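Two complexes follow with chain A in common, the first pairing it with chain B and the second with chain C.
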Partner chain A sequence: MTFWTYRRRDNLVGYLFVAPALLGSLAFVLIPLVLVGWYSLNEWNVLGGTFEFIGAENYQQLLNDEKLRSALVATAWFAVGLVVLNLSLALLLAVLLNQKLRGTTLFRTLFFSPVLVSLVAWTLVWQLMLQPEGSVNGLLGFFGIDGPNWLRGESTAMISVIVVQVIKNVGLNMVLFLAALQGVPAPLYEAAKIDGAGAWTRFRRITIPLISPTILLTSIITIVGSLQVFAQIAVLTQGGPGTSTTVLIYYLYQQAFQFHHFGYGATISVLLFVIVAALTLVQWRMRRKWVLHES
Partner chain B sequence: MSRLLALIVTALLALTACSGSAASGPKTLRMTVWTANDAHLKLLNEIAAEYKAVHPDVTEIKFDSIPADGYTTTLTTQIAGGNAPDLAWILEESAPDFVSSGALAPIRSKVEKADELVPSATKLWEKDGELYAYPFSTSPFGLFVNTSLVKDVPAKWTWEQAMAAAAASGKGLVLPDFKYQNWAVLSAIWRGWDANAWSEDGRSCGFASAEMKDAMSFLHKAIFTDKAIPGPGTTVDFFAGNAAMAVSQISRAGALKDAKFTWTLVPLPSGPKGDYAVIGQAGVGVLKRSKNAEAAADFLGFFTNEANSAKLAQFFPSVRSSLLNAQTLAKSNPLIRPEQLQSVVVEGISKGVVKPSHQGQEELNQTIRAALDPLWKPDADVNAVLDDVCAKIKPLLERK
Partner chain C sequence: MNRKVALYGLLCLLCVPFVFPTWWMVTSSMKPISEIFSESLLPSEWTFSTYEQVFRMQPFGQQYWNSLYIAVIVTVGTMAVAALAGYAFARIRFPGQNVLFVVVLTGLLIPSEVTIVPLFQLFQSLGLTNTHWPLIIVPVFGAPCVLAIFIMRQFFIALPAELEEAARMDGLGRAGIFWQVALPLARPALGAVAIFTFLHSWNLYLEPIVYLSTPDMFTLPQALTQFVDIYGGPMWNVQLAAATMTAVPILVVFVLAQRQFIEGLAHTGVKG
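So, the complex of A and B:
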């Protein structure tokens, strides 16, 4: 009996086919993931070239870190603001653009186009527009409103970052909602209409339950995305004023790459990983309650 | 599962095999720099070509331009990633971190005529009597004035007079590198009040001192009451002719080569405590971890010898006492008149205090930046903000 049986040969071919993807995720996902866990147990002085095992010390620091607490609060504000604004605006736009009217294609393209723009270019343009003498305040001045110095006020800076991010990405969720809305069978609406249901009742009792899988999907994507916002903060506010927009991932960047505390930075990324995993798990569990098809 | 493990082990072995090459044979050197200016790079490459001509074992010297914004972050990330350059420019604010950490190789023996370097300029780069980087650029702060906008410029202003003139011009005075972020640039003003960010030994905070409070109150008034300095969030470019004055380093004079307006350069105005000078510095060091550290140090010696220092001085003021006179400087600085060079550069370098720097500078930078943010509002309580800065940075200064 030869070594190269059909079965073995088939297996080999199979492995070769998946090898590129497997190697890629090994090199760029799995190995870094394990390494980050390992780094978080060490103190790594990049300049001095020392790498010292310190056990759970970084995790202890995590518990006593006041700046981390303020970063978590900023992250929560950002995530809540972004998810609420993004999802409600996306759904509103989708419902409006789901009408069979002239020009809806133009508007769909218009609202979707920011998704395709380079993130940094988008943010830089907004940075100019949000200057005290910028075009946003120019527009407000046209209506007799004296606009604030958006990026220098503690609450206005956070609002600015959220709005810039929402306008950038709302088109993506809008398209997902549009697709879901078009999947709702028209006879259901007709039947409800005959039974005397108004527009709001039809929306609440038919549309929302039937597009609930998409609501779940978009909320997971948006929440996970909100925890990973970096370039906008780096360009618009650098975490300021004060530390009002220093969200978790920006704090991680500061600790690891600016303050050279790579070990502690790795510890924060473990925390971020746990938070994202926990949120996703919770949402996944809740799907039975939220999503019509799952009950 | 065991197959997966075997795969991982093979991949790791392949990776380590690649990185273990020997240091003998032809060498290539890489120096990280933050300039991308064509004239600068041309000169650097000329010096490198001369060196290669007499050192055939060095086959390539590459100048790797990294943007000044985030330069140190990129450099340390390269080091962390095992891809350290052989030589690196280092900003004065990172000097204490680099020098004290042991990341740099000692270079005094390689520097030609090391004893003619001005002591005030090498202090930052020394530890236990050894030199760890060569201060290749020492650039004093001066006051650039747009004389198309401000006609009457005395040889020496006081800060009160300068701010009044800036406010009267309607265009104001700018600190191009400050941007309400890089607070260390403000030392070019507060030194006139004898204020300091921290004590000489770096252990106690200076922000809450009476001198600092006076200086910052003056600055706050200039910004929000007198409108002599454009407020936060606005971008005003002196070098494009949009501001009346700029507090900046002499090395920026090159940006005025094609200026559409007339300008002059005067020493920093005097403060309540008299005359003073502030300098910014940059050093170039050899990374100890470089495989070619020996060759890199040798090249550094050549790069900074008397002849090459003279060439570099047209962009980067030299700290060699033999080159530090108005006549020599004038040859390579056609834009600036000899008397300006004497008053701003020569006296600035010999008298000047280097911008504040400390171990763990970046963390201090960010903490102070955040704590100072409430100051940049019209109704700020200057004293309370400065007391808060000290409360915030105390643990960082006391940390060892």
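So, the complex of A and C:
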């Protein structure tokens, strides 16, 4: 076989290998995305059987929609709360597990285990534990605190959803942080110690910069994940009380599949897409500027 | 010494919210309904009738099978698609490669929730609502698969070229090199992909409630919320029994294989 026939055959194999992925993503990701854009320009009520081109009217409605504004606020609160709580807890757990201590593998397993529990099962259990007479208030009562009705209070409902989600998934970020911490060269710490740097300074000046790629990676995963939180909301609060936990994706589901406004649903989808895409691209940009060492 | 005691104390304390819910789920599933909100850690009176009720109220065996077989097909399908594409993007030079890679990668910016309206419309027009097709075919080619392709590509890029050269000298073609040399080496990456994909499919909730309408087609997450009495009130202990059956097998597998599991994930995370 000459070099050129090998080359040509290689080209063919290359195209064949990527064909399933490429055709699949055209059919089930990219073309549907174009369709979402087209639907968003139409008034489309599935029950009424109407489909009519209305130009930018859906977008006008979007701008004047009070509920949408509250959904965006809820989404932002959820995302910020989740990222801050998740990353700081994950880092704390990783630092604790990175100590030279017997039994850290056991603790690592325990902290990680909720990741494996089926999402809806986990959420149902917390739903019960957060009832007024549930275990959480039982525990608080033990300390003489009279706990609230977590899932029915405007502010406590959002906090509850965030905490339930953090405990479910923090194990993933913890494992990533742990791997990153183990990659920090020990001599750096020793040198800093000799220079008289305290534990906190060493953490801030050595650990944080050296694990910054992982901080960025986990924050991307967590923020984008926070925009997709659906089952937890649907099971725990159904978007309530009021609309306090109606995040964007839950509002999308309500409009499209409960009220059958497909056109308006598609418009909300476009907004969701723009937010996800913008966040991801901004974070990839930041990766160049902010992250210390890019391999 | 004191520092050690303090560390252990802190770790034990932090463990409570991670461990207690699972413990409570399992034990309360064996409590009579009147005891659900009691503070006791164990049932005062053990009952297993809740487990019978699970199967009487829903076609739970069928639903279990639905979830399981869908997740397995999605996992195997994703591994195949992602390994092939990841390998080609990493190791084969062909015209248009970079453009095609960017096209595929845009899928990462498009979570499946964004496209659910047109996809629903598509599957409805094909007469495939209330079947499992949408739950299988969309994840195999959608955003989770794009992530898998990315992970596989990162892995294959790091493979030393000498391995392939040697295999080529031995007369292996591309397909042979991929199947006999590259793929066996990629086991850790494939493992991580398998875990991610399986869990993603296993936890899917929005898609099943959008596409599926009859209990015998339901998947587990959807079925778990359906245990209600004739007044529509949730039957909590029966729900917990179903939840226990959903969660415990995976937890057991995890505990048995936890080292490979966590290290595989961590490895991929750092690399990816």
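Methods note: the second predicted complex is superposed on the first by the 278 of 295 C-alpha atoms of A that agree within 3 Å, B and C clash if a C-alpha of one lies under 4 Å from a C-alpha of the other, contacts with A are read in each partner's own complex, and residues count from 1 in each chain.
Convention: a contact is a pair of C-beta atoms (placed from the backbone, for glycine too) under 8 Å apart; a residue touches a chain by one contact, two chains touch by 3 or more.
On a predicted model such as this, the values are computed, not experimentally measured, just so you know.
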| item | value |
| --- | --- |
| Which of chain B and chain C A:254 touches, first, second, both or neither | first |
| Chain B versus chain C as contact partner of A:88, first or second or both or neither | neither |
| First (chain B), second (chain C), both or neither touched by A:112 | second |
| Chain A residues touched by each partner, larger count belonging to chain B or chain C | C |
| Touched partner set for A:172, first chain B, second chain C, both or neither | second |
| Partner chain(s) touched by A:201 [first = chain B, second = chain C, both, neither] | neither |
| Chain B versus chain C as contact partner of A:60, first or second or both or neither | neither |
| Chain B versus chain C as contact partner of A:155, first or second or both or neither | neither |
| First (chain B), second (chain C), both or neither touched by A:27 | both |
| Chain C-contacting residues of chain A that also contact chain B | 22-23, 27, 31, 131, 133, 257, 262 |
| Chain C residues touching chain A - in the complex, by the definition given at the top | 4, 7-8, 10-11, 14-15, 17-22, 24-25, 28, 36-37, 39, 80-82, 84-85, 87-89, 92-95, 97, 100, 103-104, 106-111, 113-122, 137-138, 140-143, 145-146, 149, 173-175, 178, 199, 202-203, 205-206, 209-210, 220-222, 224-225, 236, 239-240, 242-244, 246-247, 250-251, 254-255, 258-259, 262, 265-267, 269-270, 272 |
| Chain C partner contacts - residues on chain A that touch it in the complex | 9-11, 13-15, 17-18, 20-25, 27-33, 35-36, 39, 93, 96, 99, 101, 103, 105, 107-122, 124-126, 128-129, 131, 133-135, 138, 167, 171-172, 175-176, 178-180, 183, 214, 217, 224, 227-228, 230-231, 234-235, 249, 252-253, 256-257, 262, 265-266, 269-270, 272-273, 276-277, 280-281 |
| Interfacial residue positions of chain B with respect to chain A in the complex | 7-8, 11, 73, 76-77, 79-80, 97-98, 101-103, 180-181, 231-235, 288-289, 360, 362-363, 366, 369-371, 373-374, 376-377 |
| Contact footprint of chain B on chain A as seen in their complex | 22-23, 26-27, 31, 44-49, 131-133, 149-152, 238-243, 246, 254, 257-260, 262 |
